[in-house]
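Structures given as C-alpha cells follow.
Presented sequentially are two complexes of chain A, the first with chain B as partner and the second with chain C.
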Partner chain A sequence: MGTVTEVREETPRARTIVLDVPEWPDHLAGQHVDVRLTAADGYQAQRSYSIASPPGEAGLALTVERIDDGEVSPYLADELRVGDSFELRGPIGGYFTWQVHDGGPLLLVAGGSGLVPLMAMVRHRRREASEVDTRLLLSVGSWNDALYQAELAETPRQGVACRYTLTRHWDAHWAGWTRRVDAEMLGAVGPGPEDRPLIFVCGPTPFVEHVADLFVALGHEAGRVRTERFGPTGG
Partner chain B sequence: MAPISRGFRGRRRTDVDPSRVPPGQYVVNDFPVLSAGPTPNIRLDGWSFTIDGAVDERRSWGWEELLALPSETVTVDIHCVTKWSKLGTAWTGVSLDVLLEDVETSAEYVTARSEGGYTSNLPLADVTDGQAWIAYRFDGEALEPEHGGPARLLVPHLYFWKSAKWIRGLTLMDEDEPGFWESLGYHNYGDPWREQRYWSD
Partner chain C sequence: MGSSGLHTDGNGVAGTLEEIFTTEITVAERICQSCGTRAAIGAHRAYQGAGVVLRCPHCGDLGARVGMQGDHHHVLELRGTWVLNRSS
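Here is the complex of A and B:
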C-alpha cells in the first residue's frame, strides 16, 4: 500500500504523486510500479507507472499524465488527494535501468511523459554526485507539456546538457528546435557512435520506433539502445 | 478483500466476455508494441529457423522452406504482462508439432532464440499438441517487424513475452534456463490465468 503524502502539479495534464510506502525495498532508476485500484463494488483495474524519484530518496514519486479516455490515469491525475492510499507492487523491470556504475556516456531521449523514468536517472546521477557525461533530448508538443521545467533548467550546472524540440506549438520567442526528432538533431545532441553511449529512449510507440531506428542507422550498436514504450492504450 | 480506492469507479467494458479476460488484464482494440530495444531489420534471404540443442540431429528451414510447410490460421486471445489483452487475434503460421515431428529428444524444456540475442524459456510440453506456432501472418497480412516479423513464436496460453518476436530457432534443453525477461524479475512460467507476472507470484 502507498499513502499519498504530496501532490504536485507538473503541467496542465500531469502531476506528481508522492507516496509513503512502508517497507519499500528501494528501486533502480528507470523501474516502474504496478498500481491497482479497487472500486466500492470490488471491480479492479491495474496499470503500470514509471517511478520519477531516485533510489534512496524518502517518498516514492510517480508522475502521471492524464489520458482523457483512460480508466486509471484520470483518477490518479484528478481525483486522488493527500491521505488517500492504493495498492502498488514493485519495483518492476530490470532492463530499462541505469546505475552510476553502469557508466556512460548517457544519452536520454524522451517523448512527452516518457521523460519520467529518464528523470529518475538524472536525479540518481545528481544524488550520487556522478560526473558521467549525460545528454537529454526531450520532444514535446508544446512547452506547456514539458515536465520538470524548473529542475531541468538547473541541470546544465550539474553537467547534464538538456535540449528540447517542440513539435506542435511554439511561440515567436522559442529558439529551440521545432520539428520531429531526426538524425541531424541526434547528431547535434551527441555523443556519436564512436563514444558508445548507453542510450535510453522512452515515449509513445511510434516515437520510440522512430528514434531507435535513427540511432541504429547512425551506427549505434542495437545492444546499447534500450527502449520503453508508453501506449496511449487504456491508461 | 482489497482496500477500496476512494472515489474510484472504473470503467468496465460491457462489450467483452469477462470469462475471456484473465485477472488484472484489460482489453484493448489496438495492438501495443513492447520490445527491449530497436526493431531489427531482418532480411529474408539468409533467414533460417533452426532446432538444435538436445536433439539427435539439428534441423533448419529457410524462409521459403518454412512457407512451404503446412500452415494453420488460428484465432486466439493474447495477454501481455503489461496488462493489456487482445481478443480474437488471427495468426497464420506453422505449428511446432510440424517442426518437431521428426525430432528425437529427451529434453523437457526449450529456449526460444531471437534475432539480437533475446531468449525466452518454456517447457517443451507447452509448445506441442497444438499450443504453439511459428507465425508469419497477422490478420491476413505479413507480420510487421515491430510485432515480430518476419516470424515470431506464438504461444497464446502464456503471457505474450513468451511468444518471442523475430524468432530464429528453438534450443531443446535438458535443464530449464531462464530467458531474458525471466532473468529480470518476470515469472519463469507466466500463466495469465494464475496471474504469474513476477518472480514472487
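Here is the complex of A and C:
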C-alpha cells in the first residue's frame, strides 16, 4: 500500500503523486509500479505507471496523465487526496532502466508523458553528480503538455541538453521545432552512431516505433536502442 | 505482422511475467524460432486481453502465450529459445 503525502499539479492534464510506501525496496531509474484499484463490488482494474523519482529519494513519485475514459487515471489524476492510500506492486521491470555505471553518452527521447521514466534517469544522474553526456528530446502536442518545465530549464547547467518539438499548437514566439521527430532532428540532437550512445525512447506505441526505426536507419546499433511503449488502452 | 498501435511491449507486462517466473524477466533474451532475432523480453511486442501474448519484435512470430485463471494459476506456452542470465 502507498499513502499519498503530496500532490503536485504538473500540467492541466497531469499531476505528480508522492507516496509513502513502507518497506519500499528502492528502485532503478526507468522502472514502474502496477497500481491496482478495487471497487466496492470487487471489480479490479490494474495499470502500470512509471516512477518519476530517482532511486534513494524519500517519497515515491508517480506522474499520472488523465485519460478521460480511463478506469484508473481519472481517479489518480483528479480524485486522489493527501492521506488516501491504494494498492501498488513494484518496483517492476529491468530492461528499460539506466544506472550511472551503465555510462553513456545518454540519448533520451520522449513522446508526451513518456518523459516520466526518462526524468527518473535525469534525476538519478543529477543526484549521483554524474557528468555523463546527456541529451533529451521531447515531443509534445503543445507547450502546455510539457512536464517538469521549470526543472528541465535548469538542466543545461547540469550538462543535460534539452530540446523540444511541438507537434500541434505553438504560438508566434516559439523558436523551437514544430514537426514530428525526424532523422534531421535526431541528427541535430546527437550524439551520432559513431559515439555509440545508449538510447532510451518512451511514448505511445506509434511514436516509439517511428523513432526507433529512425535511429536504426541512422546507423545506431539496435541493441543500444531501448524502448518502452504506452498502450492504447491505457488509463 | 504490421506495427499497429494495438500493442505495448514486454516492459508493460513485466509485473505479470514476474509473478510467473518469480524473477525479473524483461532483461532475459529470446531467440526467435522463425527469424533468428535475439531480443530482450522487454523489447518484445505485448498484446493484452484475457491473457498476454508476446511476439518477436522483428517478425511478429509467437514468443509466449500466457493465460490467467484466477490470481494464482497461469497457463504458459513458450516458443523459441529463452536465454536467462542469473548474473545480470
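In the analysis below, the second predicted complex is superposed on the first by the 233 of 235 C-alpha atoms of A that agree within 3 Å, B and C clash if a C-alpha of one lies under 4 Å from a C-alpha of the other, contacts with A are read in each partner's own complex, and residues count from 1 in each chain.
Everything below uses one rule, namely that a contact is a pair of C-beta atoms (placed from the backbone, for glycine too) under 8 Å apart; a residue touches a chain by one contact, two chains touch by 3 or more.
Just so you know, these numbers come straight off a predicted model, no measurement behind them.
Enquirer: After the overlay on chain A, what do you see for chain B versus chain C, clash or fit?
Expert: In the superposition, chain B runs into chain C.
Enquirer: For A:209, decide between first (touching chain B), second (touching chain C), both and neither.
Expert: Both partners, chain B and chain C.
Enquirer: So in the superposed three-chain picture, is A:175 touching just chain B, just chain C, both, or none of them (first/second/both/neither)?
Expert: A:175 sits against neither chain B nor chain C.
Enquirer: Touch test for A:129: chain B only (first), chain C only (second), both, or neither?
Expert: The answer is neither, since A:129 touches no partner chain.
Enquirer: Is A:87 contacted by the first partner chain B, the second partner chain C, both or neither?
Expert: The answer is first: A:87 touches chain B but not chain C.
Enquirer: Based on the superposed arrangement, let me know which partner A:150 touches: chain B (first), chain C (second), both, or neither?
Expert: A:150: touches no partner chain.
Enquirer: Which partner, once the models are overlaid, touches more of chain A's residues, chain C or chain B?
Expert: The partner that reaches more residues of chain A in the superposed model: B.
Enquirer: Is A:58 in contact with chain B, with chain C, with both, or with neither (first, second, both, neither)?
Expert: Once the two structures are laid over each other on A, A:58 reaches no partner at all.
Enquirer: Quick check for you: in the superposed arrangement, does A:95 touch first (chain B), second (chain C), both or neither?
Expert: both
Enquirer: Check the residue A:227 against both partner chains and state whether it touches chain B (first), chain C (second), both, or neither.
Expert: Both partners.
Enquirer: Considering only the contact definition stated at the top, list the common interface residues of chain A for chain B and chain C.
Expert: Common to the two interfaces on chain A: residues 34, 48, 89, 92-96, 205, 209, 226-227, 229, 231, 233.
Enquirer: Taking the touch rule as given, give the residues of chain B at its contact with chain A in the complex, in rising order.
Expert: Touching chain A from chain B are residues 2-12, 24, 26, 28, 30, 32-41, 82-84, 116-117, 146, 180-181, 183-185, 197-198.
Enquirer: Can you list the residues on chain A that touch chain B in the complex?
Expert: Answer in residue numbers: 1, 34, 36-40, 42-48, 71, 75, 79-80, 84-87, 89, 92-96, 205, 209, 212-213, 215-216, 222-223, 225-227, 229, 231, 233-234.
Enquirer: Give the list of chain A residues in touch with chain C in this complex.
Expert: Interface residues on the chain A side: 32, 34, 48, 89-90, 92-96, 204-206, 209, 226-233.
Enquirer: Could you list, by residue number, the parts of chain C that touch chain A in their complex?
Expert: Touching chain A from chain C are residues 3, 5-12, 14-15, 18, 24, 26-27, 40-43, 48.
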